[in-house]
Structures are given as C-alpha cells and as structure tokens.
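One chain, chain A, appears in both complexes that follow, with chain B as partner in the first and chain C in the second.
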Partner chain A sequence: MSTLATRKKPPRVGDNPIFRRSLIGIVLVLVAFVIVAPLIIIGVEAFSKGWATYRDTIIHPDTLHAIMLTVLAALIAVPVNTAFGIAAAWAITKFDFWGKRFLLVLIEIPFSVSPIVAGVAYLFVYGLQGLFGPLLDAWDIKILFAIPGIVIASMFVTAPFVARELIPLMQAQGRDLEEAATSLGASGFRTFLSVTLPNVKWALLYGVILCNARVMGEFGAVSVVSGNIRGQTNTLPLHIELLYHDYQAAGAFASASILALLAVFTIIAKVLLERQGAGRVRKTANPAEKTS
Partner chain B sequence: MKIRLENVVKTFETFRAVKDVSLDIDSGELVALLGPSGSGKTTILRMVAGLEYSDGGTIHFGDQDATDIPVRDRGVGFVFQHYALFPHMTVADNIAFGMKVSKVKRDKAAIDARVTDLLRLVRLEGLGDRFPAQISGGQRQRVALARALAVDPKVLLLDEPFGALDANVRRDLRRWLREIHSELGITTLFVTHDQEEALDLADRVVILKDGQIVQQGTPEEVCRDPQSAFVMKFLGDANVIAAEVRDGRAYAGDVSVEAQGVADGRAELYARPSDLDWSHAGPGIAATISRVLDRADGRRVLATTVASETLEFDVEPERIVKAGEAGFVTLRRAKVFPV
Partner chain C sequence: MRRRNVLPGLPLSLGVTLFYVGLIVVLPLAALVIKAASLGPADYWQIVSSPRAVASYRVTVLSALGATLFNLLFGLALAWVITRYRFPGRRIVDAMVDLPFALPTAVAGIALTALFANNGWFGSVLEGFGMKVAYTPLGIMVAMCFTSIPFVVRTVQPVLEDLDPALEEAAQSLGGSDWEIFRKVILPLLTPALLAGVSLSFARSLGEFGAIIFIAGNQPMSTEITSLLIFIRLEEYDYQAAAAIASVLLLTAFFMLGVTNWLQARALRYTVKG
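Now for the complex of A and B:
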C-alpha cells in the first residue's frame, strides 16, 4: 500500500464518518417505517382473505365504478391543467405585464391551502345555499354531488403542478430561442410547436405525471363536494374510506392496492422519463452516435 | 441593401437607451457599433432587426420604410450573442429551419443541397449530424451564421458575435467572417464592446456613448483622429497628463505639443503607451519608474511623475530599465483635449 493511502487524513468538510453513518441510518429507518412498511401492509392485507375475496372486491360494481370515476376525473382534469400550466408558464416567463408576481403567488395557492378548505369553499359557491346555487338550480345544472364537482375540485388541487415544473425551466431558457425562430421567419404557433415545446417536453411530462398522480389520489376536496354516493359519486380514495368504515378491511386494502399500483406505475413512468431525458443528454454528448 | 436610421429613439421604462440616432449604412458595407455596456448599441441592432420597436424616428431598408415591419417579415439574418441554436435539432436541422418555415416553399432536395452548401461555406462539412452540445463554441458560432444566411437575408446582424469565445478563436473567426463578407457582399452590422474586434473587422466603426453616436469613420479615421477624450480612451490604453494651453501649444513639464483649436487654459494630454518613451536626459517629464511589466512583445513601464501622475509606456525588449530608476518620459505625439 502506498504511503499516501496509509497516511491518516483528516475527513473532508462534511465527511465525518459518524455523522455520515448516523444520517444515512436515520433516513433508512424513517423510509422503512414511514414509506415501505405501509406499502407492504397494503399488499399483505389485500390478500389476507385470499385471492377470491380480492377479485370479488375489485370486480364489485361499486369498485369498478369508483375506478372509472377516478380515471374520468384524471382524463378531464389533467389535460385541462396541462393546458393551463403551459399558458400560465408562457405568460409568466415570456411576457411582462402588471400583476405578474401576484399571478405567480395565486398559482401556488392550491399547494398551500388544505384541499378540504377548497372543498368547503366550492360548497359555498356552487351549493344550493351558495352564491350561484339558486341560478344553477334554476337551470337544472348539478355541479356539487355530481361528476362536475369532482372534476372541478380535482382541478383546483392540481392546478399548479405543470406550471410549477415549467416556469423555472422556461425562465432559464429566456427568449433567445423564440426570437431566433421568429427572425428566421417562423410563425408564433410554429415557434411554439417546434422550438419551445421540444425544449420543455421532459419537464412538461413530469408535471403531467405528478398532476395525474395527485388527481387520482385526491381525497379531501373531492370528499366534500362529491357527497360520497356509492356507485355514483365515489372516487377510488373515497371508496376505500367507505369500505374501511364498513369494517371491510380486506376490501378496503384491495381497493387501496389498486390506487397504490396506479401510484407505482406513475413512479415507474417518472423514472423512465427521467432516464429518457438524461439519456438524451448522454446521447448528444457522444459524438459517435448517429442521431438524425 | 442600404440601411438608413433617422432620429431613432428608444426608451425602456424611464431609461433612454437610444437618443436620436441617425446612421447611414451603404449597401455591402460592414459596420461595427462599438461602445461600452449601456451605450445602446445592442438596442439599435435589435431595432434594425425588428426585435424591438423604436419609440420615434424611422428605419429604412433601401427605399422601404421598415420601422414597423415585424422581425418575421423583415428579412434580416440575426446572430445572437449566445448563438441561440435550437438544442434539440442537429446542426443541419438548425440551418434548414428557416427554409422549412419559410412562406417560400422549397422541396427537401433543394433544402438539403443548400444546407450542404452552407456547411461548406462555414467549413463544417460532415458535422451536419451533430447536436449543438457536441461541437465547440467557435463551431456553434459558425452554425449560427450559416442558419442566419440560409434565408437569404437582405441584412446580416450580429450581436457580440465573438463575445463568448477565447482570444485565438476570436481572431481566426474575425478574419474568416471578413472573408465571408467579401465573398457574399451582404450588408452587415455588428455590435461589439471590443475595440480591437471593431477595428479589425469593420469598414466603418460607429462609436456610441449613452445612446448617442460620438464619432464614426473608418478604423483609420477614428484611430488617427479621435474627436473626444472618450473616444481616445475607449479605443485603447491612454495616458492622461495635465497640461496648460497657451497660444495653440499645450505645455506639460518641459515638453509641449501642438494644440491648434484648443482654448487657452487647463487641458489634458492624451498619449498612447507607444507615444511615450524613456530617456535619462531631458527634456521630458521628470519621473521615477515604479514597476516594469514584462510582456511577450516588449516591456511595459509604469512610472510616477513629480506631479504623482502614473504613466504607462512600452520600451523594446532589450532595453534595461529597473524600478526605482529616475529619468524623463519623452513624448512622441499626443492629443490635447480641454478639461
């Protein structure tokens, strides 16, 4: 062994072995108890009464309806919030206008406000005794305790996700690329499609995935506005709670496993996308690669 | 294409970036806008491009009033300071972009042929498949130029074209851009804060200060006959020596220089380091050498005069000079400006 390696060197800044080990240890223990253990329990409990019970719970019409409703809410809320996020990020990063900072703060509000507050607020806006209640009633439009309410509540909760991912990136990119494209004769729409969008696509997809995960898992706001009508306005998270209160623990866990599976798929999709994004950079860094 | 700016004004919020600038650029001319940061040079360039609009005055391209023509239809090629290449497109796709989005439809073969021609022009044959991240800064600069030229612009505009490159690459690219310009003969306007770049490259140099043109002319004219202390100082190192003007001559210590047209009274002599020399005998400005800096092409001497002014000048590499030595600074030539 060389003398260099055997010489006892003082630790580098922040590299104290005791500190390092205890920090890693604490994190691992917390992850095990807080994140991993509950996930395992979901799997174990879901199958505690056997495969048949699990299957029966899943194919029960109420469960299927809840899954359908959750997916429907996601199918509407995610595209709408994606469009909103792109528009908001574009407006904030590419234009100067009065009240821009205020808009930035407004967009963040759903992150900081408890979802249940949003639910209650919607109750007072669209409920029968609410602001637009009589008007909506007169026109026979049902928003609360129906699908529109669920979608609107989901949209509120997930509004910031896409914008939040795009704004820092688009701010960093500045206006140069758009100016270059326009000076070369591209229309605004063409510039957006072939210059702006490709450069934010990974951040955009990441935002969409986070948004989707949150829509599917949303409980608080939806629970207030949906009215929990079994087989009608019950989303998957609400359905799980209902089953649990009915002392159908195995059923609740079975439904929960579906939601957990959706979440796991989301995480896998996110990791794959990040790989793709990173892979693109790696690929471009390798001159031997033929990329056209 | 001739460019004519008439009384152009631009204000950002309350800051007047460009004040009443008038400028004529002849067809095929290569003109440098030279000035310190904040002098409005980039703003003028961006107004010529249509990336900013003037608050007053007009910009004509030939006989056409281009003041309010949007950038998309103005027919200019713009090269950005940081190139602004599209990172997700290959070099070839970057160059082809303008032709693909153009209102004039070209078929794929024609576009490919033009891309190949341009790659040859900017000496990047065989690099069409690379992405911008895979090529060097100097190569990116050339791609940016090829992309701007691809749309057959009437005017070529370059914003600090070599600002982000190291010294050797800059020099090469400068000579090369000059060659391209003589080959294509396209009217070219570029912005720089580097006087060497402007003098090296341009047919005509327009020097700006605080949003106004302070002097313009060929590199020879502005170098040999700076009209103000600002231009003198901005174009290169300059020594400032307090002087007294009497009857058309400026006196400083034992030396005097011609100062026709400068009013009697206090004035300043401006002299380049190469305009001064060192001698053990007078007449000259008595001084003591405080430091000697050795450089590749000679020795730079820092001397302190009896009036506590610091003077810098160059002597030949063989000359023996030492710190602490007393003697006289002699004057070959100098410009006199009133204080």
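Now for the complex of A and C:
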C-alpha cells in the first residue's frame, strides 16, 4: 500500500536515475576510502606479524596494565559524570532560576575546548607551579602524573555527555508528571526513580555509552597530565603512542584494535538505542547540537 | 499566573551541578587565564606573536579551512544520499558516519598514517602522482577531515528529513529544473544547518590533536599545529609560554562557541515548525 503510494508520487529533485546512481556511487567510494579504510587497516596491521605477535602484545604486562588503567578511569569518570548529568538535567529542566542559560554554556564548554588546553589548565591547578600545587606537595598528595590526574582530566573532557542527552528530552517532557507524583506524596527520589527515569532510560544509556567511549579513547588531555610512565600511568591510547614511536607498529595496531572494537560496539549500541528513540528528541529539538 | 513550583530537589541538584562545574570546568580554565595574565602584556604579546607561534596558527587555521570545505561538500552529499535515496547498505553507511566520533583519535591517527605513508595503500598510489600526504600539511588536513566528518552530516540530516515535498512540487509545477530547485528552494532551507555544521567542524579541527600528531611531520614553522606547540613548550618546562599560547586557543574556542551557538539558534528558527 505504502509502496504503491510512493510510486504514484512525482519524482523529487535528484531522482533522475543517472544522477542518483552516480551520486550514490561517489559517496560510497568516498565512505569506503575515508571512513572504512582506516578501520580495516587497523585489523590488517595488527595481524601483519601473525597471530602470535598479536597475542603477545595483548598479554604483555604493560598492555594489560594500560587496559586496566583505562577501564579504571572509565569506572570512575562515567558514573560521576552520569550522576552529574542527572543532577544538572533535574535542576535545569524542573526549575527556573536566574543564570540558567549561562550554566548551560558552562556545561557545554568542555566540548569546545581543545583537550590539550584542558590538560594544560589542570597543570595550573594541581601542578607544582599551579594554584594548589605547593599545598598538595606539602601534604604529599600526588594528582598530576598519577592516576587521579588521568581520571580528573577524563572527567573534564566528558562532563557534558550525559547532561546533553537528558536535558532536551526532560525539557520536552515537562513537569506535570513529577508534580502529580509529588502532590500524591512521593519523595523527590521516588519521583525520579518511578516517574522520570522510565521516560529517559534509553537517552540516559545512550549518553553513558558515548561518555564511556570518549573516556576510554581520550588522548590529548590525558597525555598532558599522565607523565607517560610506562606500566604506571599509561592508558591504552598513550600505550599505543608509546609503542608506535618505539617502532613497534604491529604492537601499536594490536593495542589499537581493542579500542577499534570498542568503537564498533559503541556504534552498534548507538543504532540499537536510537531504535528505542534515544537521541531523537535531541535531533529535532536542537539539530546542530552534536559534538564530541 | 505563575504556579508555585512544588517539585523537590532544587538545592541538592543545583548544588551538585554548580560544585562540579566549578571544580571540573571553571577552576582549571580560571587557573589557566590567571597564569597567562601573570605574564604582563609585553611578554604575553611577544610569546603569542613569535614567528613559530604565528606559523602554527597559520598551518592550523589553513588546514582546518581546507578540511571544513571538504566536509561541507562531502557531508552534504552524504546526508543527501542517506536521507533521499534507498539502496542496499544505506543503514550501514548511516551508522558508519559516527565512526570518527567513536574511534579514539590516537587510533585514527596511526591508521591514517599507515594508509597515507609512502608505502601505504593510498600513499603509494598518490606518490605515483607526485603527491605526498603523510608528514606534510596535507596530512594535517586529512586527519582533520576524518575527525570532523559527522558534524555536517548530522546537522543537515534532520533538516533534509523534514523538508516538505510540497515545496519541491510547487517549484516543479512552475517548471523549475532540478538544479534550479536545488539552488533556489532546497539550498536556502539547508543553509542555516549547513553553516552550523560547518562551524562545529571548523572548531573541532582547530582543537584536534591526537589524530594529527601521528600524520603531521611536526616540523616547526611548517607542520607544527598550535596544540602541539603548547605540548612542546610544556616538555621544555616553559610553562608561561604554554599558558600564553593555550590562552589563545581558549579564546578562539570561546569565540567559536559563540558563533556556533548563534548559528544553531538561527538554524533552529528554520527547523522548528509551528
């Protein structure tokens, strides 16, 4: 029925078969060259020295340590940013207060700032020549060139991810349901869990997954604050750089293949969640708001 | 009449938000600005206008312009093909558009270098034409292109999806050719979204680091981007110079944020119906 209806429609602009086929052809070739080829070369290079070398790289203590550190950073930064995202979305969408627009801009800043600038900025807070550096040094607390620095830098870079998914959706859903629940005597926490959360769960998960991918792949900010100590403060992306500059290309690509796999899983999860409606409200509410 | 808000949780949620934004976002950026400001105008100017710094701005901005121009054309074509045509593999192509966002920049960097090095799949072919990409400014552009592809596509796509077919039909009934209708009816409707996507893509290219440092030659005065110069100053323990140059990037980022927000607000005016 629907196909019949579309067939009856007059051809739209660009439906000329020759134009249509050549444009699809050109775009597919470019997608293959620009987007798909980099993904394929990672696999090809990772196994260029055979399966044994690949396995040896992955189970090397330095690689395992880098994987562990990357996972640890994600285990801290993702839940913290999720909690922050929920709090920010609740405050911004359920209440009116002075300076709300300014707060929204502040939350979005990490998307616009170069990761290197973020890393340098953290040096001037926690580094020896920074604001709190001397104090931290006196108390013998190490933040920079240690794991806390890596975690905080990752938190900066991914701070807006969850908030950005939740705010437009909760804005669109309004306050009526929550007000009804509260007037019936539900506590704020209960209201959030049984009224708000079911409506935003897919968007929340969507934000969490994108946040996780970014934390695990962050390079610039982390490379400034980590100190690059092999086997101690190297996350997986930094480990890749180290191997690559050590002329161990196959090892670098083997480590990179883990992150490439993560990227593929992230995209699959994203497609599945978009089928549940996640990301859709944001697209229509603010089509251009899509940064990473 | 304004109703009184009965919902609970404002002090807690706003408190958490302000504390976190203050600690994670505002404090470090303020520290950076304070450090740069402590230099004094003469020293500050001398650092940010040194020939090596100026050369780094030049290569960063020019490469970002080139990459953005490519992404404008490629992004528009890609969005058009995904939304207007049905062909096998369309959904996979649609999903693959997000790969540059999902793939860590360091991974993209080594992958692009392997492809474009003179013994790589693309590099060896291009060398036959006398073109060198890896370790030249062209390589910087390629890395910027890759990391910012999704911006134009994802901003233009929803507008293309919502385009009212009646407008095209009206233009067709008036005897307009496809090209005329595209130029005079469709393109003006897409322009706000295109501009917003372009500014996002350009801003991202200016700040990109991970993907570029592998493929750029990183030679001072020719293939050294500004982010890398900051990094090098840090490694030389020249923290003041790092702070000064980083503050230039920060100012640029704020400027681009303003431009992008303005363009997005404009784009929104055209997309939201009724």
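Operating definition for what follows: the second predicted complex is superposed on the first by the 246 of 292 C-alpha atoms of A that agree within 3 Å, B and C clash if a C-alpha of one lies under 4 Å from a C-alpha of the other, contacts with A are read in each partner's own complex, and residues count from 1 in each chain.
Simple rule for what comes next: contacts are C-beta pairs under 8 Å (C-beta built on N, C-alpha and C of every residue); 3 or more make two chains touch, one makes a residue touch a chain.
Here the structure is a predicted model, which means the values were calculated and not measured.
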Check the residue A:31 against both partner chains and state whether it touches chain B (first), chain C (second), both, or neither.
second
So, does A:179 touch the first partner chain B, the second partner chain C, both, or neither?
both
Which of the two partners, first being chain B and second being chain C, lies in contact with A:199: first, second, both, or neither?
first
Once the shared chain is lined up, is A:94 touching chain B (first), chain C (second), both, or neither of them?
second
So, A:190: does it touch chain B (first), chain C (second), both, or neither?
first
Taking the superposition on A as described, I'd like to know which of chain B and chain C A:165 touches: first, second, both or neither.
neither
Of chain B and chain C, the chain that contacts the larger number of chain A residues:
C
Chain B and chain C footprints on chain A, overlapping residues:
179, 182-183, 187, 284, 287, 290-292
Seen from chain C, its contact residues with chain A in the complex are 5-10, 12-14, 16-18, 20-21, 24-29, 31-32, 34-35, 74, 77-78, 80-81, 84-85, 87, 89, 91, 93, 95-108, 110-112, 114-115, 120-122, 145-146, 149-151, 154-155, 157-159, 162, 165, 168-169, 172, 178, 181-182, 186, 193, 196-197, 200, 203-204, 206-210, 214, 227, 230-231, 234, 239, 242-243, 246, 249-250, 253-254, 256-257, 260-261, 263-264, 267-268, 271-272
Okay, in this complex, where on chain A does chain C touch?
9-10, 12-16, 19-20, 23-24, 26-28, 30-31, 33-39, 41-42, 45, 83-84, 86-88, 90-92, 94-97, 103, 105-110, 112-118, 120-125, 127, 129-131, 152, 155-156, 159, 175, 178-179, 182-183, 187-188, 191-192, 210, 213, 216-220, 223-224, 237-238, 240-241, 244, 249, 252-253, 256, 259-260, 262-264, 266-268, 270-271, 283-284, 286-292
Mind listing the chain A positions that touch chain B in their complex?
176-177, 179-187, 190, 194-195, 198-199, 281, 284-285, 287, 290-292
Interface with chain A, chain B side, in the complex: residues 49-51, 71-74, 76-78, 80, 82, 84-88, 90, 92-93, 97-98, 101-103, 129-131, 133-134, 147-148, 150-151
